[in-house]
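Here chain A shows up in two complexes: once beside chain B, once beside chain C.
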Partner chain A sequence: MSELDYVGKRILRKDGPDKVTGKAIYTVDIQLKGQLVGRILRSPHAHARILDIDISLALEVPGVKAVITGKDTLGIKHGFVETPRYPADQYPLAMDKVRFIGEEVAAVAATDVYAADKALSLIKVTYESLPAVFDPEEAMIPGAPEIHPSHPKVKEDLVNIGGKTASGWGDVEAGFQEADYVREDRFESHLRTHGFLEPHATVASFEADGKLNVWTSSQGPFIKRAKLAKTLGLPQSSVRVKKAYVGGAFGGKIDLYTHEFCAALLSMKTSRPVEIIATREEIFTAYRHGQPMIVTVKTGVKKDGTIVAQEFKTINNSGGYRGSGVVVIFLVWGFAMAPYRIPNMKYKGYSVYTNNPIRSPQRGHGAPQMRFAVESQLDMIAAELGISPIDIRLKNARVSGEMLPNGDNVHNCGLKDCVLDIAKHTDFTAKFGISRTEKQGRYRKGIGIGVSAYFGGSLIYPNSSSVIVKMNDDGSVSLLTGSLDIGQGSETILCQIVAEELKIPIEEVQVFAADTETTPVDIGVWISGNAYVTGNAAREAAGDVRRKLMTIAAEELNADIENLIFQNKRVYISGQPERSLSYEELVALSIQKHRGDSVIGNGHWRTMRDEPFHPSLATTKGRWTENYAFDAQTAEVEVDTETGNVRLLKAVTAHDCGFPINPLQVEGQIDGQVSMALGHAFMEEIMMEKGRTLNPSWLDYRMPSICNIADSEHIDVITERYQVGKPYRTKEVGEGYVSAILAAIANAIYNAVGVRLFSTPFTPEKILKGLEKIK
Partner chain B sequence: MYLPKFTLESPRSIEEAVSLLGSGEQTKLLSGGTDLFPRMKYKLCSPGVLISLKGLPSFPPQIDEERKLIIDANISLTAITLSPEILEKAPLLALAAQKVATREIRNMGTLGGNICQETRCLYLNQTHTFQFTEPCLKRGGKECYFAPKGKKCWATFMSDIAPTLFCLNASVIVAGLDGEQQIKIEEIYTNDSLKPLSLKPDQIITKIIVPKTQSPSGNGFAKFTVRKTIEFAIVNVGVFLETEKDLKTCKKARIAVGAVSEGPQRALEAEDWLAGKSLSKENINKVSQKAASSLKIIPHHGYSKKYLTECLKIQSKQALNDAVEGLADQSNRGR
Partner chain C sequence: MTTTQRKKIIGLTVNEETYELAVECQETLLDVLRNNLGLTGTKEGCGTGECGSCTVLLEGEPILACLMLAVECENKKIETIEGQSINGDLTPVQEAFLEKGAVQCGFCTPGMVLASTDLLKRNPDPSKEDIMESLGGHLCRCTGYNKIMEFVHHAAKLNRDNT
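Up next, the complex of A and B:
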């Protein structure tokens, strides 16, 4: 087998120079002739009926070119999920009712922002205010204000249920009977936001020929095209979503957003390009954040720590529309069942409508919430049973080849190695064992561990990725992919794969990406599947080219295909390097002798290629993914017992991400996730009161700064291989590592000072309260 | 977000600035703009005319013949942290300036602007286009979102620097249509969140005067935040200690606290108690307790009163300890 030259190497990012030199063009940089500014009018009511909208005064403002309301739309609903069970539930512009403060009611296009805002202030909306409810547990109780009718298939005496996931196996009651120790705890996770630096931004330009060109800050152009076309009533072929650089997304830019729809419709109305850039305050107050969640977990174990039964109940606060609420209650089931063997399990999750802004995925999409609960409780159980946190995890960890209850196989699973390696690396047992009575003084240290597992590339529209690799006359390569690099480095790894398959310097692979018209379909850079799905598609496309080059070379050199070696843009016969042909020559020969074939390769890939559908969100039945990533993370913290401040001193991540295509990027992803989790743990919180955000700025919403970042170390647990010409199974690396570390921090705080935290964030105030209690 | 439209005036003299200021209601002084511009973007004020202080003659910090320190109100916070005169005569001021916001903001922000900043409140410091649309008391309305039952505004005054000027017994020179006057720093504050400053619309602070300080003295400034940078204080405490020659007995203490009330506060009770006592660990603990329990504390930015009291105790102790440690260094150097 030949050595790897590009894959598995610490190759610098393709997009780096553009970004560092300021050459990168983001959506806000797009300036077209005659471009108008769009602004959106939002509801000041958490829940109200719209009785009337009068736009006449707004239209008179000089510079205003168009005003649109729900009446100007086709009234076609959309949703993060659009399935028969969960049909679309949101109008792009409110029609009859508003269900959260900030819901979009009208939009204006004008020659400048002053005119646009003036017009917004002159739109007169008559509302009939309705009672509102913000807390999901209150919203579920019969008698609460009805935001939407409860899901017809949920037969319990509950209201405002957007969806329910129920699953299980074995017999939990019998399991609890059989258990030596049973405990139940409730954990709450708070509301955070993604914190991408580039705001939501869209430029839409409806051309005279009927084509709608769109640049938008997103996580993939194809889903945007599909939803824009649907809600605007245009054929998909009339909508072209083009590439612009994206300044971060973290789950917050996936499906259709109203500003995208409005920019498009305003452009259609005015025949001029329209730009809408959300203000940071709008993003904080009216856009989608992550998922706050209540997790109740009851666990029964044997004396030796073996889990015999686990029962879960989760409640999400989905906001005024479904958003990804019905997805997260499904996903957390998966995050509960993946890492450990649970012989008897019962799960129910409720997604509850409230009069809050809509929720979306956020990096980890439920995993931090679920792992925080399970891993915190596991430490409590271990302490009760006198078992070490390492042993209890090893006891229950899944191993290679294990089948999961949903029919998935974990394949090569490195979880146990992750736990063992990290314990050794951190000298966990010795540090953990220092008794609290020995810890004196103001600052006290502690160590904690958590584990997690994450899926990759599950089936969601558009379900597959295709890639085209073209040889150029000069022997260089063009790579056409619908994948969008949102800062996570997808273009770089796709180039590495093509470079490897074709043994061509990475600089000679040019990427053309993320244009719905000229590049092939792509699953998008979410559901953690790009490196696997699009990566394999790129490998196949490059392999296609490789085969063609090989055939011609074999003919011309009069050699057996097996004896041909690819190296540095040449093909030669093994042992006879003088008998060789350059790629340039091979392309010319192909055109000459293969009826004009200019050597173009196609590749496509799909997760679980024989599964027609994604799993049921309601019952969890059906396959979920074919590659699970596993990890163990430790946190070492220092608690200031006077102020209650906790500092994360060091995070270590032992990860089984399959095969790291670019170790540098893997480490970058891990470090980024550790710092994100640090923000989650200690400082970031959207403070809301009755549907209104109290801290809608970077100043009052505290993301960690460089002063807060902790040491982050990595341990590779490599379970897969990359071989030229063969499919590979690389696993997820972009989301899973925000999870275990959160639990590890909570466990480390307990180890340091004996304060057990049941809710995030771990504020100094909570720590002080806890310390006071145990004094 | 963007600024509303306005006219910019750049007077070349204080007199010209005063007369421009006094010419209409719609005028506002502009220094670094780091407090004013965000408020204008939020539409908390929309002055038609901004009178920039940037064009006025400026001067570096000076020590006059009476050993007083005279500082241009328009000095940037960065310049404060770098001035040898300030580091010598009023190091406490530099300690506080160093803790404000970030380097970029300190480069723009000025001393005058810092001590004249507006009070802050979560319900206030944002636009009100669809959230909190009904104006609260501070915006000319009738209700308060923060304490709905009362009829009072509770916005807090967050300057990090003002408390240290209290400690240093500073005064300000104010120029106005009625001429120039020197007033004690305490007097420019009203302790009214609605209008925290007593300055009249035509008045400009031109200079800050720090009187000759008794030596030996100790300085301490503690600012508590969550992320250590670009954040207003949860609470801040300035401490200035004058000691007897032994450097261990407190002759006079000045302790001032910011961010937890309508204006900076002196911890007078605590100060009196410490005077004449030894600066022992025990006494510092006690005086910190006293400071925390005797001062007014308004819960702000999501922090409860109980927690803020605890913070104040710890930060007072921190500032006092720093001051005492500084004294110990002096005594070591002296030897």
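Up next, the complex of A and C:
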């Protein structure tokens, strides 16, 4: 087969010119005729009963067109997860109770923001304040204020349990008996925000024919359509979610948000378009951030470092509603079991309701929390046993073809190569081996390593992707996909795949994306599935077109299909380049001779195509995916022993993402994740006191700027090949590299100054306290 | 509020076109550019001067349009992202931005383009530290800034090659 022309190349973004010229239209840029401004009234109480809402004065404000409260809704609950075990638990607008500060209780649409804000100030809500609880471990104890009844299937004497995952295999007790060394540690991760630059925003326009058009800054239109239709009591055919550019999401724009519901309902009430854009302060105080988590790990190893048993307990603080809490306690089990062989394992995870704002997925969705714990502890074990951090990882790392406890196969696994390559590249052993007595003076350097594994495209609604590729009269191609480019470059890689399969200049592939009405269903850009699931669907759709072109060419050229070659928008007979037909000619011939067939290809893809359902969130049983990516990351740091400040001098990522479809984009993903991890480690923290955010701005919540740029290097460990016409198993690059680096930084700090950190962020205070202790 | 609003007529030159606009005294330059003139390339990331997304050039100097009242800009010259490429030809800064993969979600891009254009006008061969100083107020969550740093160096080179 011919060489690759587009896949594997540093192809520039399709949407780049639109973005560098300011022409790209994001949701916040949409201005429809007669558009009203919507604003939301939020609860000042962490936990309270709503006794009465009086909107009469608000309605009198000039310019106000509608005011809605829970009473104007159908009272249909929704949830990030909606299963028989975990039914929806949140009203789109509060009805009876509020469960966190910032919960939405009313919304207003007005001709301008001043009128809307004035109306908000005149809505009188009478609350009966209730006792509240904010710490998940306190919230679990019987006697704590009840936020929701504990899940009926959690047969334990605990309260406020939104969900529980319990899993395991082997005999963990026997494993610990057999171990030469056992230790148990507790690690805590803190609360961070996603930090997307485009605020949450929605424009909804209810038309005279009963159609609700919606533009919303999201991670995929299909889940929004489903949840809007359900909560508004509309058929899905009446809700159309359309594409707008998205200014970043990182997991924070997946689920249905109340502003989306309110914009839609206000538009239905007023028959005018309504826009709601969250202020940055609202995003910081009332919207969903990531998942702070407590991870307890008990590990037993043999003298040579082989893991024989591991027991985990995790506690997630899900906030006032389930959000993705019951998903994250399931996922972290996966992040624990994927990289290393664990012969005996026991896992228990609790998602606990508290009176904090709701939590959502955030890039890595539990992986940074779990890898920080496991990798930190593994270094402690290695030190105790006198084994190097490299050797203990090589000893336990999974290898190609290994079966995971859930029945998944890791297929090609480059984990050992990642560890070996990064050790060599960084001269790890020599740097790590410099003893602390040799490290004197104020500034001390250290190196650390972590590994991680991430899976892509698992079965969560809507589970699969379909793609349509259609030929145009001139032989160019239109690609229809439900996938939404949130900045990661999905449209570009889908075009690369179609251009490759059809051997057509990439400029002649046009994308039409993310419109629930005109593009086919798509898995959505979360759970790291786009390159694999939607990419394979695009490949199949292009393959369908290719087969049709081939059939016509074979007929017309009187040739065998096997002898046909595709190149430069033409089909040739091998060895006879003078006998060829252009795509333009082939399309015309198809229409002429195949009853008007204008050459349209369909493709679809689903992970685990033989598995009917997603795995159980309760027991982890059931297969998950065939797509596991692996990586090793190192951090080199310098600790200022006077101030406790740490600088990340260099981050190296050795990654097995299968093969990079677009290396330029892969590098961008890795660098962005290293930067996010740097923020996680040193800078970012949402400070909360009794459910109230104390630092609701970018002045007080410090996100890395270019002044905090990390020296980030990449090592490609290629484990897959891309061949035209064949399914591929390229892996994820969007989330995995935010995790191991966090542990690597913690391990590097220990290597530098001997301070072991059990909680993020790694603040100067913690480091100075640690230094004080070991003096 | 609506009944007591007082509008003022101001002259504003944006991307070399002169407008006469009735603006409310409390309206920011950002609001006027986006809402009155439909120049939505200038973005609002925070509205409080923390993210740099709303950067435009006022009399050639980068400023935060979300912190500038429109009435303060009376008879002044503004350049926005929409005025950068003429007849579809990208500037070297825009080309370098694309070529180095410095665009991901693109929301910070207009502000970054304008701030870098200003930097390179003042300093044709900026050091890493110069770039940090000029772009330090521009948040980007996608790229980790590595490719932003590369693109400014590359744009400087393209500019030098062009002259």
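One rule holds in what follows: the second predicted complex is superposed on the first by the 775 of 775 C-alpha atoms of A that agree within 3 Å, B and C clash if a C-alpha of one lies under 4 Å from a C-alpha of the other, contacts with A are read in each partner's own complex, and residues count from 1 in each chain.
The rule we apply is simple: a residue touches a chain if its C-beta (ideal position, glycine included) is under 8 Å from a C-beta of that chain, and two chains touch if they have at least 3 such contacts.
Worth saying up front: this structure is predicted, and the values here are computed from it rather than measured.
After superposition on chain A, the partners chain B and chain C are seen to fit next to each other with no clash. Residue contacts after overlaying the shared chain place A:Arg692 against chain B, while chain C stays out of touching range.
Once the two complexes are laid over each other on the shared chain, residue contacts for A:Ala629 go to neither chain B nor chain C.
When the shared chain is aligned, no partner comes close enough to touch A:Val637: not chain B, not chain C. When the shared chain is aligned, chain B and chain C each come close enough to touch A:Arg280. Contacts of A:Arg702 after superposition: chain B is touched, whereas chain C is not reached.
Panel annotation: after superposition on the shared chain A, the angle at the CA centre of chain A between chain B and chain C (CA centres) reads 40 degrees, nearest 10. With both structures placed on the common chain, the touch criterion links A:Met345 to neither chain B nor chain C.
Once the two complexes are laid over each other on the shared chain, residue contacts for A:Met683 go to chain B alone; chain C is not touched.
In the superposed model, more residues of chain A are touched by C than by the other of chain B and chain C.
Within the superposed three-chain model, A:Leu757 lies out of touch with both chain B and chain C [touch as defined at top]. After overlaying the two complexes on the shared chain, residue contacts for A:Tyr114 are found with chain B and with chain C alike.
Between chain B and chain C, the shortest distance over C-alpha atoms in the superposed arrangement works out to 5 Å.
In the three-chain superposition model, chain A touches both chain B and chain C at residues 114, 279-280, 697-699, 703-705, 707-708.
On chain B, the positions that touch chain A within their shared complex are 1-2, 5, 122-123, 125-127, 129-133, 224, 226-232, 301-304, 307, 310-311, 314. Note for the complex: chain A touches chain C at residues 10, 12-13, 15-26, 28-29, 31, 62-63, 111-112, 114-115, 118, 194-199, 245-248, 250, 279-280, 486-489, 664-665, 667-668, 671-676, 697-699, 703-710, 712.
Chain contact summary for the complex, chain A toward chain B: residues 42-44, 101-102, 113-114, 120, 279-281, 285-286, 642-643, 682-683, 687, 692-700, 702-705, 707-708, 764-765, 768. Per the touch definition, chain C reaches chain A in the complex via residues 1-3, 5, 34-35, 38-48, 50-51, 53, 80-82, 84-85, 90, 94, 97-99, 101, 103-110, 113, 131-132, 135-149.
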